[in-house]
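Paired with chain B in one complex and with chain C in the other, chain A is shared by the two complexes that follow.
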Partner chain A sequence: MAEAVLKIKNLCVDFLDDHTIVPAVSDLSIDIFPGETVGLVGESGCGKSTTSLAIMRLLDTNNARISKGSIELHGQDLTKLSEKEMQRIRGKEISMIFQEPMTSLNPVYTIGRQLTEGIVLHQGVSQKEAETIAIDMLQKVDIPRPEIMMKSYPFELSGGMRQRVMIAIALSCNPKILIADEPTTALDVTVQAQILDLMNSLRDELQMAVILITHDLGVVAEICKYVYVMYAGQIVETAAIDDLLNDPLHPYTQGLLNSMPDRWQGGDRLYNIPGTVPLPGTEIKGCKFADRCEYCTEKCRQAPPPLVRLDEHRSVRCFRSAGTQ
Partner chain B sequence: MRVIIKRIASAIPVLALVSIMVFLMLQLLPGDPATVILGEEATPEAVEAMREHLGLNKPLIVQYFDWITKVLQGNLGESLVDGTSVNQLIMERLPATIELALGSFLVALLIALPCGILSAARPNTFADHLCSFISMIGMSIPHFWLGMMCIIVFAVELGVLPASGYVPFFDDPAENLKSIILPVVATGFRESAILMRMIRSSMLEVLQSDYIRTAKAKGLSEMTVLFGHALKNAMIPVITTSGIMLAGLLGGLVITESIFNIPGYGKLVIDSVFNRDFITVQSAILVSAVFVVFINIAVDLLYAFVDPRIRLGKEGNS
Partner chain C sequence: MNRKSQSVYALAFHRFMRNKQAVLGAVIILGLVFVAVFAPFLTHYDPIFDQDYNAVLASPSSAHIFGTDDLGRDTFARLVYGARLTTAAAVLPVAFAFFVGVPIGLYSGYKGGFIDQWIITRLVDALQAFPSLMLALALAAVLGGGFLNAMLAIGIGFLPAFIRITRGQVIALKNQEYILAARSIGCSNLRIALVHILPNVMPTLLVQITLAMATAIISEAGLSYIGVGASPEQPSWGSLLRTAQSYLVTQPWVAAFPGLAISLVVLGFNMMGDGLRRALDPKIKQ
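Up next is the complex of A and B:
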């Protein structure tokens, strides 16, 4: 098997609120291979965006920091790079698409300018050449009449179009890795499907690795090969997508699957997991999911369960499912 | 282009309204222009004759139209005190005030822009606290006190700059610059304080926005992010404040002009008020109003230039 492009090992991210340290992501490890899409799934507030910003080293340095672990891109540890060195990685090696297409483009500049500046910066080409590349890129993301689009301003475009532009910006320098943080959450369903298709085909064409962040297992099922399920800043289960859908091991994953509308098993109401994600900084001695888990035992409350590896692609953080109970 | 014409057209009723208000306001002031000209001891007959001559016995509305017709023809009337043409009075005083206002504005920008941007880019650092401190001083020190301190230090103690007076630019450019440095710096420093706070908070807000994160994610350097992406957005709310500020400076440099003894526009208005020189006051205020209106038009045009949403006529629906 090919080398992993990105190896995240034991990543821990802390927020610093008024001098108290609040762990937001702990011991997160992910390997990503070229040409494949991995999903990072979890409810709102479980630390997905924090993880992606940590990879880009875009966390606000005033109140967040990577306290432990490494993020290796082709063997180079990103956590050790200077800001200058990171600037050569961002947009060129690793690109990112954000959750909010409506506000992620600068309102006072044209699409053309926002698209070409990264190309000029990373590929060292002239403005004219960058424009040719940019128009090409807009064609790739299925934007009609790209020449006109280059002169448009973001407010003239719909959300779906803006997200396509964001994808074009992100992919304009052929990055090795694309981090897509809920790229379709803010879009309506038909547009959502189009964008996912687009990302799928561009991934194959450009042989990128994609990290798809979402809270929607349906989206994951459509385009991901492997899935990492995240809960309260931790990975609680990893699996190939088919295994996960057929045989979810962690009670949280089971809950997520049951709350998908098309897997709804009948009954008066759509299933949802009782309770909410504990806020970062909540003191929890045992399993973080214990309060919401129907299988919770005394043991779960006493010590945190380790992430147990079951086979090459499967691990789970649960005493019961890992068979260590 | 359409925007410009529309803006200028909409300024006309405003100016008409202002002219009516100025005219009526002066009717309310105590005192009789005829007495001003003739002196307190004039006989009632003489006063009556003068009133007739000045047209003061006509109905108000006729008086107003007499005045405004002349104004529209470019004749602002004659001073009641010594009969000099108000046009000439204003032309004599205006250059000094315009120079002072623009100079102070420039100084304010030169202080506020770098400090505001720096403190927003490095919040809660020493640089930020230093800038806050400077702006606090600017806001709290009485303006006349700062002016006098400047005079004491630079004119009296060091003797490098003149303490007061004004030399017109075309008489002697070098002396002209020397004569306006102190007033311009003193006024500009005060004006910079509010502007700096505005720029800082506007910049801070913009720097938190999603598109700045996008810009950073492209791998742009901090300088490009700050000046290429953040600044233009941050300036949008600042433009209004700057416009109001400049208008204020053009109309109200009375204190600066008094301290530094500069024969400017503010002094002209004040002196005329004390002399009951109604015609001069009336016309001078109208000219100020025209300035304010034109600055407002300039502000709107600048908006359109900076913000494509306004330029392309989509202010309401985006």
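Up next is the complex of A and C:
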């Protein structure tokens, strides 16, 4: 197997709230290989976006910090780089697209201006050359009449078009890794499918690794090879996508799958996992999911379950599944 | 998509041009600038040295259409040349407040933390606690009188507004997704502040600039009126009023024309500022 482009090892992120330290992500390890899409799944407040911002080193330094662990890009630890060095990595090696295409473009500049900015910044080419590359990128993301698009302002475009532009911006310097933070959540389903298709084909074409952050298991099923399920800042289950969908081991994963509306069986009330994600900072002695888990036992409340590796691509953080196998 | 793409400013310009009141304001201000630039062509009197002792405090006539003052100087000439000082009074303090206040506001809002909350904001609060005319007077007392010092004093009085407005806007904007997006493609902090945030603050600042100019003209007139601004021989509209005060009952026209001029120009700036606010406000769409 090829070598991982990005190795996240035991990553811990803390939020600093006045004088208390609140762990937001704890002990997270993920390996990402070129040409692969991995999914990071969980409810709101699980630490998915925090993880992505930590990889980009874009956490607000006034109230968040990486307290432990390493993020290695081709063997280089990003957590040890200076802000200046990170600026050379961002956009060039690792790029990001965001949830809200309506607000992620600067309203006062044309699409062309925003698209060429990163290219000029990272590739040291002239504005003219950058424009040629930019038009090329717009074609790659299937935007019709890119020359006209270059002169348009964001408010003239639809959400789907803007997200295509965002993808074009993110990919304009051929990054090795693309972090997509809920890229399709704000789009309607048909556009969502188009964008996912586009991301799939561009990933294959450019051989990049994609980290897809979402709460939508439907989206994960479309494009991910491996899935990491996060709960309260921890990974609770990792698996290849088919295994996860067919045989979810962690009760939380099962709950997430059960919460999805069924196409064939209508009429019933939708399942939902009782309770909510514990607020970051709540002291929990045992398993963080215990309060919401239907299989919770005395043991689960005593000590936190470890993340147990079942086979090469499968681990789970639950006494129940780990113990029986 | 076939129509020509237009920038925020092009759209705002169209909206502005459709607002009759705003256009009238702009015309008044252009008129002021025109008079200031072409002053020597509008009158053949010198505003300081042409003193006609045979026509002291003369009422308006064909020789002196706005009458003369207590030294027999032509009021029209003094008003016309005074437009230069008034234009300077509108521009200089605001330019000072803009070029000093906006960078401080940008830094403070973008950086946040201790310097922002405990030093800059507190200093601004302290500065704001002084009534602006008192502040100007105190500064004039320290720096000495004179037109330029008055301008500086008024400019310092405007600092809090410019710092606050910029800081507030930056704080609101810096958490926008497009700023995060700009950081995610590798922009430096300086670049983000100047290239990505500042242009988005400019519409608000533009409105503030116009309205501050109106206030600046009034402040300058006020300072000259009480005698710490322009020196008495300089034809500032404020010093014209000061001279006129003694003759308010017997020769009211001496005060009327400079008073009218000040009111008209301030009204012009206010109408234009209001028009700009309407034109640039993204919430007002048509």
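Brief remarks on what is shown
We take it that the second predicted complex is superposed on the first by the 318 of 325 C-alpha atoms of A that agree within 3 Å, B and C clash if a C-alpha of one lies under 4 Å from a C-alpha of the other, contacts with A are read in each partner's own complex, and residues count from 1 in each chain.
Throughout what follows, contacts are C-beta pairs under 8 Å (C-beta built on N, C-alpha and C of every residue); 3 or more make two chains touch, one makes a residue touch a chain.
The structure displayed is predicted, hence computed values, not measured ones.
When both complexes are overlaid on chain A, chain B and chain C end up clashing with each other. In the superposition on chain A, A:118 contacts both chain B and chain C. Once the two complexes are overlaid on the shared chain, A:247 sits clear of chain B and of chain C alike.
In the superposition on chain A, A:188 makes contact with neither chain B nor chain C. When the two structures are aligned on the shared chain, A:89 is found in touch with chain B and with chain C. Once the two complexes are overlaid on the shared chain, A:17 sits clear of chain B and of chain C alike. By the touch criterion defined above, A:169 lies against chain B and chain C together after alignment on the C-alpha atoms of chain A. Of the two partner chains placed by superposition, A:205 touches none, neither chain B nor chain C. By the touch criterion stated above, A:151 is placed in contact with chain C alone, chain B being left untouched. When the two complexes are superposed on chain A, the residues of chain A that touch both chain B and chain C are 56, 58, 62, 83-84, 87-92, 95-96, 98, 100, 103-110, 117-118, 121-122, 153, 156, 166, 169-170.
On the side of chain B, the complex with chain A involves touching residues 123-124, 209-211, 213-222, 224, 228-229, 232-233, 236, 306-309, 312, 314, 318. For chain C in complex with chain A, the touching residues are 1, 5-8, 112-113, 176-178, 180-189, 196, 199-200, 282. Residues of chain A that touch chain B in their complex: 56, 58, 62, 83-84, 86-92, 95-96, 98, 100, 103-110, 114, 117-118, 121-122, 153, 155-156, 166, 169-170.
Residues 56, 58, 62, 83-84, 87-92, 95-96, 98-100, 103-110, 117-118, 121-122, 145, 148, 151-153, 156, 166, 169-170 of chain A are the ones touching chain C in the complex.
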